[in-house]
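Each chain carries a letter (A, B, C, D, E and F) given by its place in the written order, and its residues are counted from 1.
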Amino acid sequence: MSLVPTFATPPGFLGLPPRAGSTGTTIAGIPLDLGTTNRAGTREGPAAIRRASRMLVDGAHPVTRVDPRALDLADIGDFRLALGDLAGSLALIEQQAAEHQHLVALGGEHGITLPLLRALAKRVGGPLALVHFDAHCDTWPESFGQRFSHGQPFFHAIEEGLLDPKRMIQIGIRSPVEPETMAWTLGKGVTILSAQAVHEMGPASVAAGIVDVVGPAPAYLSFDIDALDPAFAPGTGTPEIGGLASWQAQAILRRIGGLDFRGMDVVEVAPAYDHAEITALAAATIAWEYLCRAV
Amino acid sequence: MSLVPTFATPPGFLGLPPRAGSTGTTIAGIPLDLGTTNRAGTREGPAAIRRASRMLVDGAHPVTRVDPRALDLADIGDFRLALGDLAGSLALIEQQAAEHQHLVALGGEHGITLPLLRALAKRVGGPLALVHFDAHCDTWPESFGQRFSHGQPFFHAIEEGLLDPKRMIQIGIRSPVEPETMAWTLGKGVTILSAQAVHEMGPASVAAGIVDVVGPAPAYLSFDIDALDPAFAPGTGTPEIGGLASWQAQAILRRIGGLDFRGMDVVEVAPAYDHAEITALAAATIAWEYLCRAV
Amino acid sequence: MSLVPTFATPPGFLGLPPRAGSTGTTIAGIPLDLGTTNRAGTREGPAAIRRASRMLVDGAHPVTRVDPRALDLADIGDFRLALGDLAGSLALIEQQAAEHQHLVALGGEHGITLPLLRALAKRVGGPLALVHFDAHCDTWPESFGQRFSHGQPFFHAIEEGLLDPKRMIQIGIRSPVEPETMAWTLGKGVTILSAQAVHEMGPASVAAGIVDVVGPAPAYLSFDIDALDPAFAPGTGTPEIGGLASWQAQAILRRIGGLDFRGMDVVEVAPAYDHAEITALAAATIAWEYLCRAV
Amino acid sequence: MSLVPTFATPPGFLGLPPRAGSTGTTIAGIPLDLGTTNRAGTREGPAAIRRASRMLVDGAHPVTRVDPRALDLADIGDFRLALGDLAGSLALIEQQAAEHQHLVALGGEHGITLPLLRALAKRVGGPLALVHFDAHCDTWPESFGQRFSHGQPFFHAIEEGLLDPKRMIQIGIRSPVEPETMAWTLGKGVTILSAQAVHEMGPASVAAGIVDVVGPAPAYLSFDIDALDPAFAPGTGTPEIGGLASWQAQAILRRIGGLDFRGMDVVEVAPAYDHAEITALAAATIAWEYLCRAV
Amino acid sequence: MSLVPTFATPPGFLGLPPRAGSTGTTIAGIPLDLGTTNRAGTREGPAAIRRASRMLVDGAHPVTRVDPRALDLADIGDFRLALGDLAGSLALIEQQAAEHQHLVALGGEHGITLPLLRALAKRVGGPLALVHFDAHCDTWPESFGQRFSHGQPFFHAIEEGLLDPKRMIQIGIRSPVEPETMAWTLGKGVTILSAQAVHEMGPASVAAGIVDVVGPAPAYLSFDIDALDPAFAPGTGTPEIGGLASWQAQAILRRIGGLDFRGMDVVEVAPAYDHAEITALAAATIAWEYLCRAV
Amino acid sequence: MSLVPTFATPPGFLGLPPRAGSTGTTIAGIPLDLGTTNRAGTREGPAAIRRASRMLVDGAHPVTRVDPRALDLADIGDFRLALGDLAGSLALIEQQAAEHQHLVALGGEHGITLPLLRALAKRVGGPLALVHFDAHCDTWPESFGQRFSHGQPFFHAIEEGLLDPKRMIQIGIRSPVEPETMAWTLGKGVTILSAQAVHEMGPASVAAGIVDVVGPAPAYLSFDIDALDPAFAPGTGTPEIGGLASWQAQAILRRIGGLDFRGMDVVEVAPAYDHAEITALAAATIAWEYLCRAV
């Protein structure tokens, strides 16, 4: 009989006590926001996601029956960063990521995915497949003159051979885009499912499409919270209307648990623009869906 | 020709003047929040729901054509409660509920449903059927050591014989849960429709399922506003993503008006976490759908 | 290589510099809110919509491939109004609207549509067809004694012969309504698609219905942001739950670009009730969908 | 022993039940906002002030020892207004004000003071003295072409002989102003104490100055909440920094209770811009200071 | 050279790592809110105060030169509570408080002070002196029928002999109050300084008065955040205007560091009503002023 | 007779139309936030300050009688920056600043002051005197490893000989600080007035002290909005309680207009944390006080 109500849950992700690492899955916050192009503040994301995760502490996942309390999880706190130094921060992230077997990263902006993929591709020994939820393709070669903003991670990851673009699928895409950027991405072999397609196909078809593209390859999940509609995730920096409902994302994720995932991130939560923690809770729940997936 | 614009609507539910009771339907606020397990503040729910209901004053329901101004309705204000005393408050609620023929209760937290059902089962002379919208099953035997928190009303109502669990259906369920709690609930004969099931079945099938389960028995409607997704109802204490859109709840309710309802509540509105009154308006509209149902 | 990040986009719509007019499409703000019946503040709408439009500056529409930077667009700023004088403001709006070939108006309340239609019907030389997204039919003959509030524009527009009611379709309707108002509207030949119908039909059927009703006639698009659900558009004065998701509105608009549109407005954004600019962004995106429509 | 906690206080001012009038003091809301020049929404003021007044229900004033529960007070609800019609609304306000002996008006915008003074000057049979707290002198002859906006009440009141400008004092003035407007006002004999003067003189000197100016004449108190600094009253439409702290206003009011006050208003509360009810509570407390003044 | 920017400070108070206790000073959260009479939510107080304290981590106090990093401090997390059970929670608090030498408690509501004083008076072996900042005297014998709400702690503490009322001073008092309650309090010998007195006396005089009253007795500091004006501390449940500026509280505290303090609490932070963490930061800073006092 | 109400003021500072420069005073936004150490978002500062400045458009300064409409002012929009590149942005700022005779910069974070001083010292041909309002001394040699964050501008400006530290005064200082940083600053000859000193001395003495320190030297004004208390300026990244009231800042500025000012900045407005524009209005008003100073 516990005497610690939900509202008094300790501040680690899912109430976990601080720990230096895990041979299972390691959770880390990466509070970077130097490369954001519109609204700022993803530096506050990890703390907000942890706080919101208290809703998920008690009990097992209602569908998969996985109980996160039975998993080997460690929340190691936040990665060190170089204040005001984007290149330095990306290097620090890669270096710290290399220390962990299986990482669930709580962003921070989407630029963190590039060093995470660098470390993971090295560990895996070859390119990864990618399941990428986002409103934006993030394959621009530069944004406003910056080559490592939150709009470039997948351009570089493809160019650097960290990802196999033919095993890469983007879900929820809907922002304005330069036609040449779209052409480059499709030309590399990336599969793109627009948000409108997701709405009109339904989650079962989307999930089948993902499984088709990814296949048995070692895979990574990168979930930009702006894949969700601003109604479901207002607390983000580059919102686009017309996005996914959170139930759609969950219904898709619950059908792709059998993929060979080696890590994930959930990024772009900007708490200053959130309301009643709904965006942070969405991000926490996405990570929980991943942790509790039926393999 | 009225000179009282919407923004100046008097503060009673649907602008009703204060009245001590009704031989028709009685509306009462029950501002309890002592048994909440996460975010607080449902004590502010009744006032917020009344204020939001001004949007529904002028005109008839667009589908059922019922005009609430033609009904025998009284808003008696808020029930008396015992400050800081959960057991005392539950006893006071039961005692006051017993005075009314047909009650529409504006919560307040979900713990109020237990004394409301106690009073109503006594009046009806036997167990009730239940249509229960919620993110949580609320059949835990205790929460953090407390046996009468907002997570227990239906555990006790079944144990006390106030409800017939075989005529009880839960819609929108999606929180983490102990497997034994789920097993107990299903073992009693309760029907559970998860939120994901609602999304994938559509409202017409859900409504047909409800009618099947409830049948001709005297029935009660308990609507926890967290059945809705946090996008539609951020102003609540224990949000879970992946919930219903408000249109889905309405589309279901509009198809089950023929059930033999003897009362209802709408609970768990926590205005401090609401934005632009959208949660309070959702709750007010759910009550209005009930009042204007096509019987 | 630009050095102006998204957050520093100049304040015109889509970052446009101030200009006095255009032979193509002219964008104008009309910050009226004198005729609102519930929450106030649509006077702040145009500035908020412009600011939110910065998300849409870079790149082409992802579906139609139209790039707004290639269009002949001018943002002329806000129309002059008569402070505290509803009749005077309506006259000023009509007079200023008459100066522009093709107008995209950023409201402001829905009362602005009447003088816009007066000017446009005169220019076109006859009644217009209308595609009207809204939670309310706005064909009341008066509201609380006022004949020119935001609840009357289409009553007068039909009575004055500015619209051909048989080529007029309303999408998203769901508010309480006097049965006689509904009867009058239907009696004139207006087609009404309730929000629930939109949800259950799907956008392709809705779009087909619109094309059927409007046909080849010169048409106007009036988009009241409260057509969207309050989850998607909290920043408005007369919200009603059960409304459209923003993706539904987009999916409909993308299928009716072939209509002979002569102008549009997006109205009823009340920024004081918005959160994280989501309502303003929805309105900006609706205007952008219109500008980037595949003709 | 009460069982109605503060949070369940009924919605009348100080929890008063609805009543049609009083031979003592009558409280009325006047939800006008048609003549506001910047941010909108004072229409929501009366309801917010009433709700906030629940903090003042239990007990006597700590300094004057007056217990408002012992006074003959009636809250008659809100005055009727003409929607969207400024002139019509002003006429309605004057007509309704004439029915009451001693009125405490909860605004609404400052334009309501003109018809209130018209009614009161008629009742008193001559011009009144005025104690006027405000950031703005409100003696502009017109604002943006409108002669009856919230910037004109005292221009007209002086011109119509409703006020004796030599017995009129303005406290807290600090906005930009046309030099000719300032010259006109001073030329009429009005005494102006800038906010900076209030800060540097201290409340005792200010109160002495007020008593000097007003003397034994029948007097009116008009309190624009923007007299307070935006830190203390963010929920208003035309804020100016550098304003009074709320304690300063209270310390002044507590020293001028002996004046022969015949009525008062507290205006310009715009709840959409308030936070945590602090502006509404400030307005409610100012009215309570007036009601509980030591005469 | 640290690579952990302020925004990534770990979540303990002043960034302290979790620890089970300290022979120096122990910091504990006590997230109680069952006995609040108006707005709810002090259960969220401790987490918010800890998060806000990150502004105070780096460097020494600018006046006293005390560096909190050099002190023997432990943050033990939150006390266990009995959900929904006020009496049970008070008993649990007393029991846990008894385990610590010198406690700084982060509330939670003011009702926690009674069990804290019970434990401390037992440890000290006699009644304590009290320095009490508050808008309310909190010596009511009951509130709405409840004898242990947040309005009673000092009534019971005096009645139980935990405090020496002649060595007890209340600063900032300004709420409405029953004259008999005020008379009882003064009759016991308590010194009361109203908020208005504080404003007009200045902090040096107030501090001298405190030192006079308390003398060399073992003393306790109880700081209700509503002693501050709602402008400085909106995030609280029972705000009263006219309160202290935060600088005044600091200027007083900095002059009374020489008292023989044995513990303190800062209570009544309700984060749901806070804005931009300003209330939480005020509470964190008050605790920091205490920890860094010049003894 | 204008028909453009305050709420429709065009978006330039004080409603100014876009212009490329001025031989008088040039206003520029500098939306940098890469070097902030706590909460992010000063990139949104310039747009928010401009929008808030609409309150100051009509009329002359009430004390100095200067009318900003009579000045030679240009608002050139925002400086170009290098996205995600702190060093590159500082270089761009210096380069653009060098083009203007007399600059009023709207931040952006405090790091912008260093390149502004570099450009101005070069133009003036020697070190400047400095009037510096702030909660923080900003003379740290580095922050978390970053040598050009918003905590370093005055360290470098002194080291680079851009400022004469003996003619430099800091007003409002109150944050925790390393004793060695304080010692270095004082050792250079800088005068520091803590916030508590300002409160206890009064603005006239403070102003006299400033005039004494600065003397006839060419001077610069740098106003960090966190010099104000968070009650007056919540919208900032590194708030500290106990700060100045906005009237105090104004009362000081109005007494030092005779100094030989050659430029100014107002920095650290982070609109995502603002409420009802009060911080942005404070910043706009500080710039207006500067522009309207009595020379």
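Going forward, a contact is a pair of C-beta atoms (placed from the backbone, for glycine too) under 8 Å apart; a residue touches a chain by one contact, two chains touch by 3 or more.
A quick note: this is a predicted structure, and the numbers were derived from the prediction, not measured.
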For this session: Using the contact definition stated above, find the chains touching both chain A and chain E.
Result: B, F
Seminar exercise, completed: Taking each chain's mean CA coordinate, chain C and chain D are separated, in whole Å, by 39
Exercise. Any idea how many Å lie between the Cα centroids of chain D and chain E?
Worked result: 36
For this session: For chain C, write out the residues touching at least two other chains, lowest number first.
Result: 3-5, 7, 37, 39-40, 43-44, 82-83, 143-145, 229, 231-232, 245, 273, 275
For this session: Would you please name all pairs of chains that touch?
Result: A-B, A-C, A-E, A-F, B-C, B-D, B-E, C-D, C-F, D-E, D-F, E-F
For this session: Write out the stretch or stretches of chain A touching chain C in their complex.
Result: 37-40, 142-145, 173-179, 181-182, 194-196, 199-200, 229-232, 234-235, 238-243, 245, 273-275
For this session: Report the residues of chain E in contact with chain F in the complex, numbered from low to high.
Result: 1-7, 54-63, 65, 202-203, 229, 231-232, 245-248, 250-251, 254, 275-278, 281-282, 285
Seminar exercise, completed: Counting only contacts in the complex, chain F reaches chain A at residues 33-35, 37, 39-41, 43-44, 82-86, 143-146, 148-149, 272-273
Exercise. Which of the residues in chain B come into contact with chain D in the complex?
Worked result: 3-5, 7-8, 10-11, 17-18, 29, 31, 43-44, 46-47, 50-51, 77-78, 80-83, 92
